[in-house]
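One chain, chain A, appears in both complexes that follow, with chain B as partner in the first and chain C in the second.
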Partner chain A sequence: MLLLSSVTKRYGDVTALDRLSVTVPDDTYVSLLGASGSGKTTLLRVIAGFEEPDSGVVTYDGRRLDGIAPHRRGIGFVFQNFALFPHLSVGDNIAFGLRYREENPLTDTAEMRQRVADVIRLVGLEGLETRKVTAISGGQRQRVALARTLVTEPRVVLLDEPLGALDANLRERMCDELRSIRERLKVTFLHVTGSETEALLMGDTVAVLSAGSIAQIAPASSLFSAPHSADVARHLNAYNILSGKADGGRFLSDCARFVMPGHPAVQDGTPIEVALRFDRIFVGSADAGEAPEASISARFIASEFNGSSVLSFFRAEDGTLLQVVAHLSGPPPESFEEGALYNLAFNPQDIIPFIKRAA
Partner chain B sequence: MEARVLKPILGVYCAAFILFLYGPMIILAILSFQGAGGGPQFPIIEWSTYWYQHLLGMTPPSRISRLPIGDSLLRSLTLAMMTTVVSTTLGVITAQGFRTRFKASGAVFYLVILGMIVPGVLVGLGMALLSNMLGIDRSWWGTAFVLHVVYTFPFAFLVMLAIFNRFDRSVEEASLSLGVSPVQTFRRVTFPMIFPGVLSAMLFSFTLSYDEFSRTLFTSGRELTLPLTIYGTFSVEIYPNIFAFGVLTTLFSFTLLLVYALLMLRAVRAGRSFKGQEEAV
Partner chain C sequence: MEFAGEQMQSAAQAQGGQNGVSPAEHRARQERRNALMLISPGVVWMALFMVLPMVMVIYVSFWTQTTFTVEPTLTTDSWVRFLTSSTYLASAWTTVRIWAIVLAATLVIGYPVALFIGLMVRNQTLQTALLVICIIPFWTSFLIRVIAWRPMLGTEGAINMILMKLGIVDTPLTTLLFSELAVLIGMTQIYCVFMVGPITFMLSRIDPSVIEAARDLGAGFGRIFFKIILPLSLPGVIVGAIFVSVMVLGEFATAASLSGRKVNLLGNIIVSQVGSLKWAFASVAGVILTIIIAAVITVLLRVVNLRKET
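Coming up: the complex of A and B.
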């Protein structure tokens, strides 16, 4: 079990990690979601030992890791740019760790060949052993980087945006493969990404990193359906966030007012943020008689066609931007007129209210 | 101007420039084939390889003595070799040190660079005075060697600095994360990747040291290096045997360059140098 407690790391005036605590259980796939600049790469580098925290403790199974040299930590690292050894062949890249590691290097050539062959089969690189790493494709390089790390049997593998350098269809295939490889080897993967779809798809557990600390860590489905804060909801890129205040069990803002579910016991006037899922909004015509109780009137701006769904953008009277997803599995959505006023209706029960933290 | 006119003009200019660069060397090479009775000037009285034979002691004894270059050639080569090894090693180590920012790194940088900026005659003279004061005998392998290192080390350092500047650190971190110690990482990853740069640093150090004159003049003591010996022969009378020797050393330098080019080609082929990482993205 990898444990970080109260880890802080500063670069000059910038605080990259701010008293961050997190527990990474054994044999799981944890994905770490964070915007760029949220400190996610710093976090991996602190765990790997390329950076030392200013304060706080990193332990693995009770053994202190911080202060130990990177090569003695037993933690694998897969780099975003793969960082392959350009002067070595695919086979030699993979054998590198076994051959030259400080502790218990492998000298038996037969065993070496066997283990390299095993991992090459695991990641599907058969027949490329003697190739230069500069003479293979991006996806193959990704596999070499992974194989090179896995063959040394680290306890935890840190993956720094491992799919970022791959093109889209390759990325999807690698997603499945990463998961199945991990399940076979029973090691812990800590996968850092800036993409919410990748994080939710890959992780058994998803941690959201925001402003240098973990905002929430939960199983992927519960994180998605029940974010703990507006900040987490923002990271999921599936929620509209409205700010307003409480008013007798209702949410009140310049563009909307409706009853909050569960009637949170807050004083009137408390700043409140609510999250409203993109795909729980129904767009109706503005002059369709009486507006329903929970609705916002907004002007249509533009829409994006994403293949299986359409994402539409609306702007409310007070300037709030609202996004609406319509899935194309249902009846084809009507096309909206730019600049025209529409009624965005939703069920108040779908609203997730948060008490706004004082900045 | 139209390219039709411009092109020939540029061509002629370029040819003239190259002639200007290599003219002296060509004259020297032609004169080295002067006949036995001829002097160090035109006309060529007779085409022969007499002076080459004279240089190697293969001619019957004559009034002109052989060039006394055997020992000094050996000295210069040894000195250049020693300087190459020490300067390149120091250059690599120092540049490696400069990869992490440290206090007063700017001051240290200029201190190192000073060695190639200060006038050679001054440094040579200063070294001579200092060694006299301290009672140290001047010698090509001692006082002169130190100055050669001081002079060539900045060149090696700058070459390596440029190499490390575009070196992707994550490759080294990858090696560390595989359990490989920093020393092994340097040996197995860093060094093979910077090897083309090391070759260049070596070439710089060697050639600079091999024909260093001003610094050596005051510090080599009684046993002279090759440039000093050749200069010494000028004070008597010049014969075409010097030209013959000049041609031979030039050929030697070209061989050195050829070896460098071949090694470089191999290193670049083997590693695709540094492009490998960038291409991956």
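Coming up: the complex of A and C.
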């Protein structure tokens, strides 16, 4: 079990990690979601030992890792740009760790060949052992980087945006493969990404990193359906966030006013943020009689066709931008007129309210 | 539609019929012509000022030498005289020996400097500044840089003064100046920067994450140096070695100025023979020197295929 407690890392005036604590259980796929600049890479580098924390503790199974040189930590790191050894063949790249590691290097050539062959089969690189790493494709390089790390049998594998350098088609295939490889090896993968779909797809557990600390860590489905804060909801890129204040159990803002579910016990005037899922909004005509109880009137701006769904953008009178997703599996959505006023209706029970924390 | 198709076809025929070549072939011809234009000044220059003189030198080395003149009657006299004289063979050996020592010294001193500038300093501006500092001595003339070693190494020079003041020696060291050591020190100092530059360049191109990856895979510093850093910087070492070799093998000024005539390199022989108008004999020494340089470069290029490096 990898444990970070109250880890802080500063670069000059910038605090990259701010008293970050997280527990990464054994044999799981954890994805770490964070915007660029949220400290994702710094966190991985602190765990791997390329950076030392200014304060805080990193342990693995009770053994302290911080202060130990990176080559003695037993943590695998798969670099975003793969960082393959350009002068070595695929086979030699993969054998590097076994051959040259400081702690009990492998000298038995037969065993070496066996283990390299095993991992090459695992990642599907058969027949490329003697190729130079400059003469293979991006996807193959990704596999070499992974195989090179896996063959040394690290306890935790850190993957720094491992799919970022691949094209979309390959990315989907690698997603499945990464999951199945991990399940076979029963190690922990800590996968850092800036894409919420990738994080939710890959992780058994998803951690959201925001402003240098973990905002929430939970199983993917519960994280998605019940974010703990407006900040987490923002990272999921599936929620409209409205700011307003409490008013007798109701949410009140310049553009909307509705009853909050569960009637949170807050004082009137408390700043509140609510999250409203893109796909829980129903667009109706503005002049279709009486407006429903929970609705926002907004002008249509534009829409994006995404194949299986349509994402439409609306702007409320007070300037709030609202996004609405219509899945094309249902009845075909009507086309909206640019600049026209519509009624965005929703069920108040679908609203997730948060008390806004003082900045 | 059919009409449009016909029109296109006839247009293509018309174009093809104009000069009977396809656009691809036309482009290829144009590129060949451009390549030829780019390379011709260099070829002309090299032919006039390198190939021709070299052929001339080989030819003259077989001419007949009298006291003050040289005649185009072919003879092997000069070659026999060189190859049977222990003095001249010894000077060829000295040239090779000094070259080997200076090459080793520039590498041993230059590599750590390059390692520092190219790998430890990650700020590009600072890297450039440090390299510029390395070439500041080149702002003074070559001869002044050589002669400046005299007040450093002489019996009343700076080094002896410091050693005496510190009480390390009682009488000044006389082996410092006008000795082979002085030549080695002088040449190493002058040519070291030609080793530092190319190695620094190669080292600075190494992706830092490659070194981190090696570390992450469990390798200690020694392994990383010998298995990653050194192989990746080898092309720089070879380029540096070629620079240093070509310059040291053709050297005569440092030896003339710092050795007190104790060290006679092939370069010094050529200078003195030309001085006494022994053109045929100087040509023999020149041809032998050229052969040595060519052999050294061939061996160095065998170590690493520079064309493969991109």
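By definition in this document, the second predicted complex is superposed on the first by the 359 of 359 C-alpha atoms of A that agree within 3 Å, B and C clash if a C-alpha of one lies under 4 Å from a C-alpha of the other, contacts with A are read in each partner's own complex, and residues count from 1 in each chain.
One rule holds in what follows: a residue touches a chain if its C-beta (ideal position, glycine included) is under 8 Å from a C-beta of that chain, and two chains touch if they have at least 3 such contacts.
Quantities reported herein were computed from a predicted structural model and do not represent experimental measurements.
After superposition onto chain A, the partners chain B and chain C occupy overlapping space and clash. Within the superposed three-chain model, A:284 lies out of touch with both chain B and chain C [touch as defined at top]. Once chain A of one complex is fitted onto chain A of the other, the partner contacts of A:138 are limited to chain B, with no touch recorded for chain C.
In the superposition on chain A, contact of A:86 is made with both chain B and chain C. When the shared chain is aligned, chain B and chain C each come close enough to touch A:97.
Once chain A of one complex is fitted onto chain A of the other, the partner contacts of A:152 extend to both chain B and chain C.
A simple residue count on chain A separates chain B from chain C, and the partner touching more is B.
Judged by the touch definition given at the top, the superposed model places A:348 against neither chain B nor chain C.
Residue contacts after overlaying the shared chain place A:50 against chain B and chain C alike. 48, 50, 69-72, 75-77, 79, 81, 83-87, 96-97, 100-103, 148-149, 152 are the residues of chain A that lie in the contact sets of both chain B and chain C, per the superposition on chain A.
Taken in their complex, chain A has these residues touching chain C: 48, 50, 69-72, 75-77, 79, 81, 83-87, 96-97, 100-103, 148-149, 152.
Interface of chain A with chain B (complex): residues 48-50, 69-72, 74-77, 79, 81-87, 96-97, 100-103, 132-134, 138, 141, 145, 148-149, 152, 154, 165. Chain B meets chain A in the complex at residues 168, 170-171, 173-182, 184-185, 188-189, 192-193, 270-277, 279-281.
Against chain A, the residues of chain C that register as touching in their complex are 207, 209-210, 212-220, 223, 227-228, 231-232.
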